[in-house]
Structure formats: C-alpha cells, structure tokens
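A, B, C, D and E are the chain letters, set down in written order, and residue numbers restart from 1 in every chain.
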Amino acid sequence: MNSFLTFSNDNIWYEIWPELALVLGAVIVLSMDLFSKRERGFPSMAGPFAIFFQGLLFSFHLFDYLAWHPTFDRTTFSGMLSQGFKGDVMRSFFLLSSFLVSILGHRYLKANLLRVGEFHHLTMLATGGLMLLCQSDHFLMLFVSLETVALCFYSLVAYDRESPKSLEAGIKYLVFGALSSSLLLFGIVLLYGVGANPEVWGARFTGHESMDPLSFSYLHTFLAENPDHLLLRAGVVLVLSGMAFKIGAAPFQIWVPDVYHGSPMPVTAFLAVSSKAAGFFVLLNLVQGPFGGISDFLLPLLGFIATFTIFFGNLAACAQRNVKRMLGLSGVAHAGYLLVAIMASMLFPGDSDRAVWVLFFYLFVYMTASFSVFGIMGLARTSEESEHDFSNYCNLAEKRPWMAFVLVCGISSLAGIPPFAGFISKVLLISVAYEAELYFSLAAMIIGVVISIFYYFGWIREICFKPDKLHDDDSLPVDPWETVTTSGFVKIVLISLTMASIVFGLWQAPFGNSF
Amino acid sequence: MNFDQIILLGSIFIPALASIVLFLEICKSDKIAKKIAYFSFGFPFISGILLFLRFDNSLEGYDFVVLFSRTGLQELNIHFHLGLNGISSPLFAMAGIVGMGAGITAIHSGVDRLRLYLALLLFMQSGLMGLFASIDLFFYYLFHEFALIPTFIMIGIWGSRDRKSIALELTIYLTLGALVSLGGLIALNVLVDAPNFDFPSLSRAVSELGMESSVQSNIFGLLLFGFGILVALFPFHTWAPRGYDAAPTSVSMLHAGVLKKFGLYGLIQIASPLLPDGAMFWSPLLLWLALGNVLFVGLVAVSQSNLKSMIGYGSVMHMGYCFLGIAVCSSLGAGSAVMLMVAHGLSVSLMFMLAHNLYTRTGTFEMDDMGGMASKTPLLACFFIAATLATIGLPGFGNFWGEFGVFLSLGEQTQHRLFLFLAALGIIISAIFGLRAVAKIFFGSASEAHSSRKKNNQISDLSFFEMIPAGIILASLLFLGLWPVVVSQRVDREIQTRFESQDRTYFSQTTPPCCPPEQESLDLNSSLPSKEKFLSNPEY
Amino acid sequence: MNLLDLLFFFFSSLAAGGGLLMVVSKHPVPAALFMILSLVGVASLFVLLEAFFLAILQILVYAGAVMVLFLFIIMLLDVGPDGGKASKIRILSGFAGAVAVGLIIVLLLHFSQQSGFGLSSNAWPEINADSFVNGSNLTFSTSVKNFGYGLFTKYMLPLQVAGFLLLAAMVGVIILSKKFRIKKP
Amino acid sequence: MEKIAFCILLLPLLSALVTLLFMRRKGNVASLLSVATSGGILFFALILILGSGVEDFAWDTTWFKIAEWELRFGFLVDGPARLLLFVVAFVGCLIHIFSLGYMSDDLAKSRYFGGLSIFMFSMLGITLADNLIMIFIFWELVGFSSYLLIAHYFSSKEAAQASKKAFIANRIGDFGFLIGIVLTFWTFGTVNLVELSDLAEFDPELLSTILCLALACGFIGKSAQFPLHVWLPDAMAGPTPVSALIHAATMVAAGIFLLVRIDFLFTNEASNLLAVLGASMGLYAGFCALVQRDIKKILAYSTLSQLGYMAAAFGMGVPGIALFHLMTHAFFKALMFLGSGSVIHACHHEQDIFNYGGLRKKMPFTGITFLVGVLAISGVNFLSGYFSKDAILLVAYNLNPPVFVILYLGAILTALYMFRLYFITFEGMPRSSDADAARESPSIMTIPLLILAVFSIFGGYHSLYPQSIAGVIIDDLEFAAQLPNHLWMIVLGTFAWLAGGLGAKYLYFDSKRTDPLESKAPSFFKLCSSKLFFDEIYGFYIQRIQDPFARFLEVLELLLISGLLVKGSAGVAGMMALISKACYVGRIHAYGFWFVVGTLGFLFYASGFLGN
Amino acid sequence: MELVTPHHFLALGALLFGIGFFGVVVRRNLLLVLMSLELMLNGVNVALVSFSRAGLNLDGSLFVFFIMTVAAAEVALGLALLVALYKRRQSVFSEDMSLLRN
C-alpha cells in the first residue's frame, strides 16, 4: 500500500490555491445568501462580495503567477494536472472573465429579481472547473472538470426559470451537452481500450504496463506509434467532436444560437467567452499533447471544420435580425478563425509558441470586445429579455452616445476593424496562418471576414445612422433605452474594456515579446 | 527630433487630437470647433507644402525619418516608422492641400451635427497624412484604414439617397480589397522576413533572397487585386461612382482625391519594385483591365446625366491611366502614374467641391435641370471649366504630364502600341463628357425647372469661403502644370532607383529604340533614352 | 463455448434488447422498465467482468436511484405516450436516424474488426491480487479496498471536483425547483 | 535672345492672369491692358525677327523629367517661326485694336480680352517651341482658348455646341498627333525638331508613313481639314474678331506651320495624300461657301478652301510657298473678317448677307477695304493672293496635274463666291432696315482695316520683307520661278478670277432677298447646302451609335458588373444565409441529426474511405 | 470467457451507444431522450469496464465510477429542468420546445 502513499504525496494542494480559494469563495457566497436577512429588506451582500473577491483573486493571481512567480512546466496530482505559464495565463483569463460576468450578472439579477448567491456561486464553481480543465493532463480529470463546468452552465443557462426560453435553452444545452460528452467519452474509451490492451487490438507498444493509459503523455507516444490504427483514429475524432461541441465548431455548432438566444445575457457572455476559450485551450492541449503524433491525420479534418465553420457561422449570421443569435453565430465564425490558429500551431516550424500566443491574444481581444457588447446589451430594457432585435438599437448614437461608443467599439473589434485590437489579432492570425502555409483556410478566413462585415456593419449602421423615416406604424415599440440607468462602476468597467480594445489595437507592447 | 520631424508628426497627430477633442464634445460651441478645425486642417496643409519644399532631393531614400520601434509588434518586425521620399512627398503635400480644401468646404457646409462631422473628417485627414508618411508597410495600411472608416460612417450619416445600402456595399467591397491586400502584405512580410517591415529593408532582403517568380506573381496578384479593388480597377469599380454619389462632398473629395491613391501608391512604392517578375506576369491582364477602366468606364461616364456620378465615373476612368502606367513596368510609366496621381487628386477633389457648390445653388445634380449658370455665376463657371479641362488633361494643368507620360511609356514597346492607341481614345472620351457637362450646366439658357427655381431665390456667385479652397487647389494644379520639374525631379530620382531592375529586365527583352551610331554628333542634352541603360546593362 | 460465454450473450442481449425496447416503446413507463432491464443486464456484465463493486453501484445508482427518479417524474407529470399521428416526416426521420446510427455502429464494428480481431489469446489475463500499483498505473482488482485507495489517492482531485459537481447540480436543481419569496413588483 | 522670347511668351500670359484675377469687373482697363500687351508682343517680335537676322536661334532648359523622358522647354527661332511670329504678332495686334471698337458694348469684355491673351500666349508658344511635345502642349492650349472664345456668347445654344464641337474635333486630331509624337519619341529617341531633322537626314530608314500621317492628324484637326472640317464653320458663333484672328489668320494656319516644321519626316506617299486631300478640300469648301447665307460662314469655308491650298502646296513639296500663302492669306482673310465684323457691328449683329445690300455707300471705307480683300483672295494680278496662290497653281500644273485641275476649279469658285459675297453685301440696295441704318464704323475699327488692306495689296512682294522672314519663302519661290509654263499660268490665273468675278456679277449683282442660284439650279444648290452630309453623318454617329453604345455599356455595367458580379455574389451569399437560417427549426431531434451526421462524417474520415 | 473477447464488449458498447443515440435523435419525449442518454453512457461503461479488465488496469473502472456520478447529476438536473418546463408549457415533448428558433 505504500505505493498509494506516493500518489497521496503527489497531491500538493497548494499548487491549485486559486481554484481552492475560488471554491471557498463560492461556498461563502452561497452561505452568505443563505443567512442574509432578505425579508427585512436588507440587500444581500453576496453579489458585491463575489465581485470584490474575484477581482482581488484575479489581480493577485495575475501578479503572483504571471508577474512574480511564473510557473514552469510541472506535473502534479499524480499526473492529473500539468501546470505551466500558458495554463496560468488561461487561469487569469478565466478569473477575469468570471469577474466580468459577475459584474454583468449583478446588474442583471437585480433587474430581473433573481437569486443572487446561487448565480455567483455557480459562476465561481464553473470558473474553478474551467481553470482545472485547462490544466488537466489526464482524460479523467478532463472529463470530470468538463462536466463540472457543463453542469454549472446547464443551471446558469436555465437560471431565469420564470422564462420558458431560458428553460428551453437549458434543456437544449443539457441534451446536447450530454450527447457530446457521451461522444467524448466513447472516444476516450476507445483510446483507453486500445492503449491499455495494445496486443489485443493489434497496436504496437510495449511499455504500457507501467503507464497510465488515460494520461496525455502516454497517449502521445502511443498514438505517435500507431497513427494508422483505426480504433484509435475513431477515438481521436470522437474526442474531437466533443471539443467541437464546446467551441461551437461545425457540424456541432447547431445548438449555439438557440442557447445564446435563451440564456440570460451575462451567461451568454460567459458561454461565448470562457466556455469557448476553455474549449480552445483544451483542444490546443490535445493537439499538442496526446494527438501531437497524428497531426497529419487531423489537419485535413480540422481544415475542413474550420472552413465549414467560418462559412456557416458568417452566412447564417447574415440572415439574423436577433442580435443574440447573430452574436452566437458570429461566435461560431470566430471559432472557425481560431481553429485556423490551432492548425497553425500544429504546423508551425520549430516551436508552436507564436501560434499559441496569437490564439491567446485573439481570445483576450475577443473577451474584451464581447463583454463590452454584451454589457451594453444587458443594459437595454427590452420587453422580453432575450429578444434583442436590430431595431432596438435604432439611432442609439444620439440617444445614448457613450453606450453607442462602447458598443460600436466592441462590434468593430469583433469585426476586426482597425484601430481596434480585433484588427491586430486578425492580422496576427493571418500572418500565422500564412506562415503555416494554410492558404485555403486563409482564403476562407478572408472571405468570411468580408461576409461578416455585412452583419456587423449592419448593426453599426442601425446604431449610428438615423432611420430613413421615423416609425409611422402605430405599434411603436417601447424604447428600450429610455429608462436605462447605469452605475458608475459598470460604466467604468465598460469604458475600460473599450479602452483596452483600442489600446491593444495600437500598442501591443505587453504582449510584444511573445508573438 | 528636429523641426521637420516635429511638423511631420504634427501633421498626423494634430488632426487626430483635434478629432478626439471634437468627438468628446469638450468644446460645446460650434465657433470654437470651427477654429480648431481651421487650425488642424491648416497644419497639414502648411506642413505638407513646407516639407515638400524642404525635401532634400540630394538624399537617397527617405527624408525626415521618425522611428519608434517599441510598438509591441517589433517581433513581427513592425515599427512605427515615418518619413518621406520622392514619391510620397508630393502625395503628402497633395493630401494636405486637398484636406485643406475639404476642410474649408466642410466647415462652411452647414451640415447638422457639425462637430461630429468635423471630428470624423479630421480623423480621416490624419489617416491620409499618415498613409503617405509611413515607411513601415503595416502602419501604411493601418493609416489607410483609419481614413477609410470615417468614410463609411459619414456616408451613412450625411449621405444622400440610398446612403445606408451604399455605405454597406462600399464597406464590404473595400473590406474585401483591404483584406486581400493585407494578405499580400503579410505574405511579403512572412516570406521575406526582413528586419523591418519597411520598404528599404524589404528591398534589401528581397535582393538577397532572390524570390522565385511564381511566388512573386502570387503575391503581386494578391496586392494587385487587393489594391485594385481599393482603386476601382475595372471590374471592381462599381462601388466608386455610387459611393461618391452618395457621400457628402468633403468625403468624396478626400476619398476620391487622396484615399484612392493608396492602392496605386502601394503598387508603385511596394509591389512593382519589389516583385518585378510578378509585375511582368500580371502586366498583360492589367493592361486590359486598365483599358476597361479607360474605355468602358469612360463611355459609361458619357452616358451619365447626374453630375456627381459623371465625376465619379470620370475619376474611375482616369485611374485606368495610372494602372496603365504601372502595367508597363517601367520607371517612365510608374513616374508618370505618380504625377497623374498627384494631379488627379487635386483635380477630382476640385470637381467634387464645385459640384457641391453647384448643388447648393441649384438643388440638383441632374445636369439637364441646370443650364445657363455661367451668366449667374461666372466665377463658378470659370473654376468649373478649369477643373474640367484639368481633368481631361489639358496642358497647363498637372494632369497633362501624367497622362502624356503614360502614353509615352505605352509607346516604348511595340506590343503595347495597341494599348497606346486604345488608351489614347480616352482623351477624346473624357473631352466629350467633360465638355458636355460644361455645356449643359453653364452654357445655353436656363432650363425650365432651373429658371423656376431661380425665381424663388437669387443665385449668387461663389462666396469667399468657397473660392479659397477652390483657388488653392486650382493654383496647385496650375503650378504643377506650368512648373512640373519641381515635382518630377523628386519623383524621377526615387522612381529610377526603384524600377532599376524592371527597366533592365524589360530592356533585355526588347530591341532598343533606334540609336544612331554617331551619338556625339548630336546634341545629347535632349531626351535620348537609354544611354545609361546601355551602360548599365551587361548584355550590351 | 463455456458458461460464461453463454452468460455474456444472455446478459448482453438483455442489455441491448432492453435498450432497444426502451427506445421504441411508446409509453414512458414501460420504457423506464425496459431501461431498468437493460441496466440490470449491464450490471450482470460487470459481474462477469469481475467488477463487483461497479455492478453493485450500477444497481444502486442507476436502477435504484436514477430510474426510480425517472419513474417518479413520469408519474408526477403524468406523461402519456407520444402524441400525434406518425406523420411521414416522423417515419422518414426515424428511418434516417436508424440508418445513420446503424452506419455509426457498423463503422465502429468495422474498426474493431480491422484492428487485430482474433488476437485474443490472452484477452482476459489473470488478476494478480498482490500487485496494486504498476508505475503510475493501478492494477485491476476485485476488491473495494483498492478501489477506495485509488479514489482517495491518485484520483483525490477528481473526486473532490466530482463532489463540487454534485454540489453544483444540487444548487442547480434547487434554483430550478424551489419557490422563492422574491416577488416581482 | 531667350529673354526676348520669354518676354513674348510671358507677356500675354501675365496679361491674361492679371485680367482674370483682378479685372473681372473692369472691362475697359482689361481691354486696354490686352491691347497694350499685343503691342508689346509686336514690338518684341519685331526685335526678335530683325535682331536675329537669318541665323537660327535655339535655347532650352529642363522642364520636366521622368526616367527617359526629359522634356526641355526650348525656343527654336528659325525661318518659319519668324514668319509665323510676325503674322501672329502683327495680325494679332491689329485685331486687338479692332476688338476695342467691336466689343465696346460687350458686358464681358475682360473675359474676352483675357481669352485673347491666353490665345496669344498659346499661339506664340507653338511658334517658338523647339520640340514636338511643346508644340503639342501649346497646340492643346490654343484649342482651349479657341474653345473659350467661341463660347463667348455662351448663352446661345449654337455657341455652346460649337465650342464643344471645336474642342472635341481638335481633340480627335490631337489624338493622332499624340500617337505620332509617342511613336516619334520611341523611333528617334527625341522630339527635338533640330535633332529630328538631323536624324531623319542621317537615317531615312526611320521614316514611316504611319508616323507622319499620325502627326498630320494634328494638322487635320487644327486646320479643320477633311474629315474634321466640320467644326470651323460652326466656330463662327464666336465674336468676329476672334474668327478673324483664330479661325482665319493664325490658329488654323498653325496646322500648316506644324507640317512645315516636321516636313523632313514626311514620306512621298504621305505628302501626296496630303496634296490630294488639301486640293479636294479647296474645291469642296468652295462649293459649300457658294451657297451660304451667313457672311461669316462664307468666309469660314473660304478659309477651309485656302487651307486646302496650303496643304496642297505642302504636299507637293513646296512648304515655303505654303507658308507664303499662309502669310498672305492671314492678311486678306483677317481683313475680310474684320470687314465683315465691321458690317455686322454696323448692322446690329445681322449676319445674313441677303439682309444687307448697298453697304458700300453707307460704309465706304469698309466696303473698299473689303473689296481689296476679295480681289486679293481671288488672285487678282499683282495683289498678294495672286503671288502666293498662283505659285501653288504653277507648281501643281507642273508637278501634279490632277491636283492642279482641282485647285484651278477651286480658284474659279473662290472668285465666284467671294464676289458673290461682295456684290450681295455691298452693292445694290439695302434689303433690311438694319442695313439701311448702317453707318461707318469708328476709326479704331477702320484703321486696322486700312493697314491690313495695304498688306493685302503689297504682301505678295516678298522682296519687301526682311531677309529673316522672307528667307524661308524664297527658296521655294525660286524653285517655282524656274518651272516652265509661267506665262500660261498667268493667263489661266487671270481667267480664273475674271470668270469668277463676272459670273458673280451676272448672278448676284443687285439680287433680291433670295439666292438666285437656288431658283436657277435647285438640285445643285441643294447638294452644296448639304455639305455632303458630313454634319448629318457625325450627328448620326453621335446620336445613334456613340450615345446608345455608351448607354448600352451603362446597362451592361448595371447588369453584368453591378448586377451579376456584385449583386449576384451578394445574392448567392444571401441564399446560403437563408438556407443556413432554415436549419434552425428549434427542435431537439432535428438538431440531433447534425450530431449524427457529424459523428458519422468524422468516423468516415477516420476510416480513411475519404482517401487520406 | 474463451469465446468472448473485448471485441464483443466493444461491439455491445457500440450497440448500446448507438441505440441510445438513435433514441436521442428520434424520440420526442424528453424523458426518453434523457433515458437514451443514460443508455449511451451505459454503453460506454460496458466497454470501459471490459477494457479495464482486459488490460488489468483499474483506472478504467474508476472512470466508470465518475461517469456514473456525472450521469446521476445530469439526470437530476435534467429532470428538474423538465419539471420546471412542464410547469410552464404543460408538455415534455420536444416539438413543444421550439420557442428558440428563427
């Protein structure tokens, strides 16, 4: 039994203190809500505490891991986790995004009279899961943390239980999430089965007895030795399909607009940013880790997925009038662009770091832009929360100039228009793709960006330009912007997000040495 | 940092700053806003001319160089690198002049939300100045986009009929062009991997690398069609007349006059000299497309009855000459294209301005509804005729040199003579539509619609603030026409070094122009071509 | 073919047949019962594979808890059979689904067949009760103790995460089900 | 020397700029300034002509340079240049003075005189230029100033149309000229006239008919020769002094001047073609002139005819005689135009000759000087026209008999229509109240008439001219003098003008308000009036071919490029968008199929069936 | 077991997985959809345990433990969602859940 002791000694809990702290915070938030005296009109402190706590944690994490003590690659928890600088960057990313979700959520919950504590609790749990997910080095760990995140998201999507749309989105997300995790699991099982019994399945490998067949490192060498093994290939593509669901890549993108449409605005943002980013990071881990040996097999498939995703996302978004659906589909298109970066990282001569950093930068930019867009959208008081039509934004620029400014900057950044950071990220992406000689995907990307101008600019047009004629029909919709009030804090956050996307569009020095 | 560098930076950043100040509505009164706008349009104007005059022609390459290397993209070899050379300094000055004209027109145009209008226009101006001052290709592109974005917004807000759909069409079209050319630039950056992403280091690296011609032609193709869409090359030109038709005047002026030169500038400054084999590869196709610009679009311009679209089509037509100059792949062609770009920028913006002035008087752009304006507005007529004649390439105005040079360059090779013949038909076509417009608008007697309108409000001649910008631009055109050597010597020097390799390639393929054996007996001061080429070419 | 093989075929047909009947039965209650049948079949297969603990878990968790929950909900909501007539589109889509899924199964079987079918000489090696750990690898064991050791040492972190997963599920269920006193003004 | 040349060139430019910039509302000052300028030009021109002697003078400096194309701004003052310089400066000065009177009651005097100054600048530029591109530049500029001046009465539709027509016709000619210049540049490597002549002499192989015909297009456009002659009669819509200066004496003659300048480039075929072309123009224009009612149009057609004579002379290889005729023609045609101007001025802008009559008695001075012009152009012995025209006829008789026949018929016609003009206008009785009320013009208008009349009489005596001008003429005249059949030519020439004059006397003297020819030979009259349908053909081309074609292209653009290419791709994208939108039916089982299909596809890919 | 090999277990797993998949795609009743999802997971479990046994590797069996946990949690949440939906729409059929569409 001493051998179990070595496993036990490998569990150094200190190394995941941010996750632990986050989970602790989540529990505190839940209990604060439990013991608050709401019936006496005393407002719950759970929201402000969650925001403050996550902000603190983020800044602490940012400085501790990225500035002062960058982590070097190491594997802990008996091979469950592998930590490194890139993982730390992603952890900071998730913390920041969760912080922003909490801010958006705070407002949203107050406006819709929903439970506060549980929302922040689930957000924080999900973030903890995401942070572990992007560090996992083992399929079991990957599965468990993925499911934790997924379960949190199922609840969050259906959070507004008064709204049938929210519930419907929840059930859709749940069904397809479960379906895709089954696919993922089947893939993992195939990999495991062949990896654990190479001789039964006619695969070449000898030293398997002492290696964990679920760990990434084992599978990397194993797959590299058996690139033509059909069951392994089937396992790989099934795992890939599970990840494709997460990032919303074709043909597993179909759930995206419906779920985005129905879920509460902050959750949509959370889904669009964190969940997708996690999917990409895991995919990156996979293609560089276990699937690193069979990239020749994966690349055509990924190329096809990327192209199809770009076209489908952009074209379907063109036909949308509902802004949330449109953003969902544009997110699909962005997933396609990012897949090109993933492919580039597989192809990169020498080291793949540049492509990875481009991916990170793109995700970061996507986050700033998405949150500013969703933030403004969350402010609108539409008759029904999920129904954001283009027409709601008619002539916003004159009604609420600063909101229009933030929104337009966000959209432009998403569209990749200079001087916003979205442009630089696209430039970097194109340059990386060119270096990796992915000409076909590059062409698809360029065409996709051009198509995307149609709907992004269509929205900007709605915001900035005066209507040709005023509504002459009697059923004049209620102006969703009339009664909007914003706290200074939200304003500051949104403006600083906008500033970030402008500043990083013009000056990338903080990232400079990474590209 | 010396005086020149400061005003170079100032000419880019003062409009940008002013734009931000106006945009944030720091000043609440239109009066102060106008003063700010005057200053910040005036600064690039003066500094453009000043820098043009102070340009050290004896210097090889760039003058007034400013370099900031820590932009964050230094790992991609991208630095903030500004400076002017012989090709860019006249264009820089032209941008300043046209900007001044557009600015004054805008300030006195009396649009609603004037401050926003001025802010966007100033932003555009900043981008335009930066575009021509950038040595680094990335920032060159970035500044172009800076200038492009306000175009869309301004068309959308202040445009005329169909503004929304036109703004959208324009955006998609130009984004396509911009992205394709961006792809080309990135390809160049990646393939060459020079220490800097600017012209001199790229050309140095290319000459060391010796790019394969198939690679060259691929990249050149990207750049050609990307830039071509931005410059309205023949089958991709339909956005231009529609866009100019819808855009507010100042935007039309700046876009048609200056911004559209971006692509040509890119082709002349970057694509052709760096990728001579690529240029050769695409040359036959480009010749036909450019001919399409000249003849097809020219004839379409003939059938226009709307003044503004006629000017739009006309400007697209003349872009064809620039493309022809580029397509012949010689320094003469390219240099003439530069001359034509400068002059065309001035003349077409003048045309748009005057069309706007006509519109404020008659309330229409339909030429059939005007007539006999010359008796009421002699000064406007005078300016308009001058501008028209400048556009159609009358000597005495700058355009002539460019057009004639292009024709001359087309004549160099026997296989281009057919194009010479067809392209020269353009001078007749442009005369037809230009003079028809003049005759319809200014000559004859007033049309019924017009005279009934005239009864209601008295039509006045150009006011002082309308005359000043027109006068400035016209004076520059005349200066360029009467004393071209000031510009041409700058262009010449730069273009010769750029196109050295192309001239040589071409020359080795064709028979030399006749050269009598006893050259000494002749007066060699005159323009005997190719003497230097004989010396420089080892095959002879 | 010995007894175990026969049992395998029996239980596997139980599992598969139960599953199939579950999928095709019109009314949800028999479906749930068929599902239980299938789950029991699977549990029996676990026994055949000497994974006794998992077999018990299968019965307890699935058949005992999950399916009871299902039945409970079916009763609670009083769900009837699928309504409406079998329209052409439904039949067509059912057929298409069957064909597509059948293709998936066939493909998987094909893969399985392609990869060394018949090399089964040592398919079920003897369990060595003495070795627990082999490198970073846990050795298969029938004992619950080793199972527990594995969970609480090597898989400590996933186990804790699974705990929070259950917490999240619980919170989710609560917010979906509990009536709150917040009233909309 | 170059300073004087610069003075000549820049003086009118300066005057034009000053006028246009500062004197838009001070017409009188502007007119005086302009006249003073023309005086200055004449002064400097005389200095240049007399001062340089017979030596050619050349000077240049860099004007423009890109790559191989170095354009030098240079002067070449040689024989032809001096001759034209004299004509331009002299006739120009007189016409300026005449304009003072003619335009005295015009409202836009400053525009008029500004235009004249621009014209003088451009015309002098052509005269002095030392290379083809410079000539081309000023060539276009004279076209521009002609455009401006024709459009002086812009509110009339005719003037608007005529100015446009003139410019475009000139542009068509310039199109050929331009191509010719480009070909010259690349064939010879230079466009400098001196170098060109050296090279052409050195290597005759370089000459080609196409090249020189392309260059001759410039001449055809500017001198309004076939087939671009249609603009000149219409150009009479401008003020009469302008017609005198630009469309009779100088600008149209610049075409001949150009030919003379590049005559070394011409091959025999090209020369012969030009000779035939010119001769037939001489005849054709004569017939046209015969039936015109507008006094200025008659003169315009006669100008065309005389230009044809010059072209014929050039084509027959005697450019000196062409220049000689250019000069004499400048005198008497300017005289007649100014005379007609005086008449028009007196008759309140009535231009129909059948509304005149008996004006010799009303305005005797004008009448007599006009008669001098008529006699001179008809080739009455020992007047200026006699010398130049008969020299051409003589050469033609000896060298090219067919051309001679045409030219001789033209000569008879010339006398006929000129006398017709004279008789109908000045003899008989006044046929309208305007004519009845006409009075002699002021002396500021008659003095130029007088001077021109003197030159029309004595201009043919080349020995009277200083050697620096006459030098260029003399060679060819001496060549002509050595030709046989001299006496026979004198007889034929005399017969020609006598026949014409008597015919006119018989037909037109004291006629009524209708053209007697119309009633006597209606079909002939109709044929002549139709001008061989050139205007109709061009009109047909423009209205039925060019404009519909342009519209067709516009439609093509809308359909193909804007429609198919742009809208089409947008439509395809839109359709795809709708299709992908239709995927979102909102049902779980429908979405499930995506998963099934996706999984199947992935597995298929993994199976390698798809070929990897 | 002599005749039966891991292949058979994999085949059975694939069959159960496929049947479940089929159920997810064709069944309108969301309760049955959830059950089908469970069936898919069971297919996975069967294969996993057999591989674990064949490879003498406990990790697979431990994985099954986690899968069961997750499945139970998912079902619980799914049923809660269904109940909440049923309260609002009086139906558990997927045709009635198509508010979110174009």
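Going forward, a residue touches a chain if its C-beta (ideal position, glycine included) is under 8 Å from a C-beta of that chain, and two chains touch if they have at least 3 such contacts.
Please read all numbers here as calculations on a predicted model, not as lab measurements.
**Student:** Output the touching-based chain groups remaining when chain D is disregarded and all other chains stay put.
**Tutor:** Result with chain D masked: one piece.
**Student:** Could you run down the chains that neighbour chain B and chain C together?
**Tutor:** A, D
**Student:** Show me the overlap between the contact partners of chain C and those of chain E.
**Tutor:** A, D
**Student:** Need the most distant chain from chain D, centre defined as the mean of C-alpha atoms.
**Tutor:** Result for max centroid distance from chain D is chain C.
**Student:** By the contact definition above, name the pair with the higher C-beta contact count: C-D or B-D.
**Tutor:** Looking at C-D and B-D side by side, B-D shows more C-beta contacts.
**Student:** List the centre-to-centre spacing of chain D and chain E in whole Å, with centres computed as mean CA coordinates.
**Tutor:** 95
**Student:** Please tell me the distance, in whole Å, between the geometric centres of chain A and chain B computed from their C-alpha atoms.
**Tutor:** One centre to the other, that is 44 Å.
**Student:** Please report how many Å separate the Cα centroid of chain A from that of chain C, as a whole number.
**Tutor:** The answer is 30 Å.
**Student:** Let me have the rounded angstrom distance from the C-alpha centre of chain B over to the C-alpha centre of chain E, please.
**Tutor:** 66
**Student:** Specify, in ascending order, the residues of chain B that touch 2 or more different other chains.
**Tutor:** Residues 172 of chain B touch two or more partner chains.
**Student:** Indicate the residues of chain E shared as contacts by at least two other chains.
**Tutor:** Touching at least two other chains: 5-6, 10, 17, 20-21, 24-28, 30, 33-34, 50, 52, 54-55, 57, 59, 62, 66, 70, 73-74, 77, 81-82, 84, 95, 97-102.
**Student:** Quick check: what residues of chain D touch more than one other chain, meaning two or more?
**Tutor:** 581, 584, 586, 588-589, 592-593, 595-597, 599, 603, 606-607
**Student:** Is the way these chains touch best called a line, a ring, a star, complete, or other?
**Tutor:** Shape of the chain contacts: other, as it matches none of the listed patterns.
**Student:** So which chains actually touch one another? I want all the pairs, not just one.
**Tutor:** Here the touching pairs of chains are A-B, A-C, A-D, A-E, B-D, C-D, C-E, D-E.
**Student:** Write out the stretch or stretches of chain D touching chain E in their complex.
**Tutor:** Going by the criterion above, the answer is residues 581-582, 584-589, 592-593, 595-596, 599.
**Student:** For the complex, give me every residue of chain B touching chain A.
**Tutor:** Contact set of chain B toward chain A: 70-76, 138, 142, 145-146, 149, 152-153, 156-157, 163-164, 167-168, 171-172, 175-176, 179-180, 182-183, 186-187, 189-190.
**Student:** Mind listing the chain C positions that touch chain E in their complex?
**Tutor:** It comes out as residues 1-2, 4-5, 8-9, 12, 15-16, 19-20, 22-23, 28, 31-32, 35, 38-39, 42, 45-46, 48-51, 53-54, 57-58, 61-62, 65-66, 69-70, 73-74, 76-77, 79, 82-84, 93-94, 97-98, 100-102, 104-105, 108-109, 112-113, 117, 120, 123-125, 127-128, 137-141, 146-147, 150-151, 155, 158, 162, 165-166, 168-170, 172-173, 176-177.
**Student:** Give every residue of chain E touching chain A within the complex, in rising order.
**Tutor:** On the chain E side, the touching residues are 5-6, 10, 13, 17, 20-21, 24, 30, 33-34, 37, 40-41, 43-44, 47-48, 50-52, 54-55, 57, 59-60, 62-63, 66-67, 70, 73-74, 77-78, 81-82, 84-85, 88-89, 97-102.
**Student:** Tell me, which parts of chain A touch chain B in their complex?
**Tutor:** Interface residues on chain A, with respect to chain B: 412, 417-419, 423-424, 427-428, 430-431, 434-435, 442, 446, 449-450, 453-454, 457-458, 461, 464-466, 468, 507-515.
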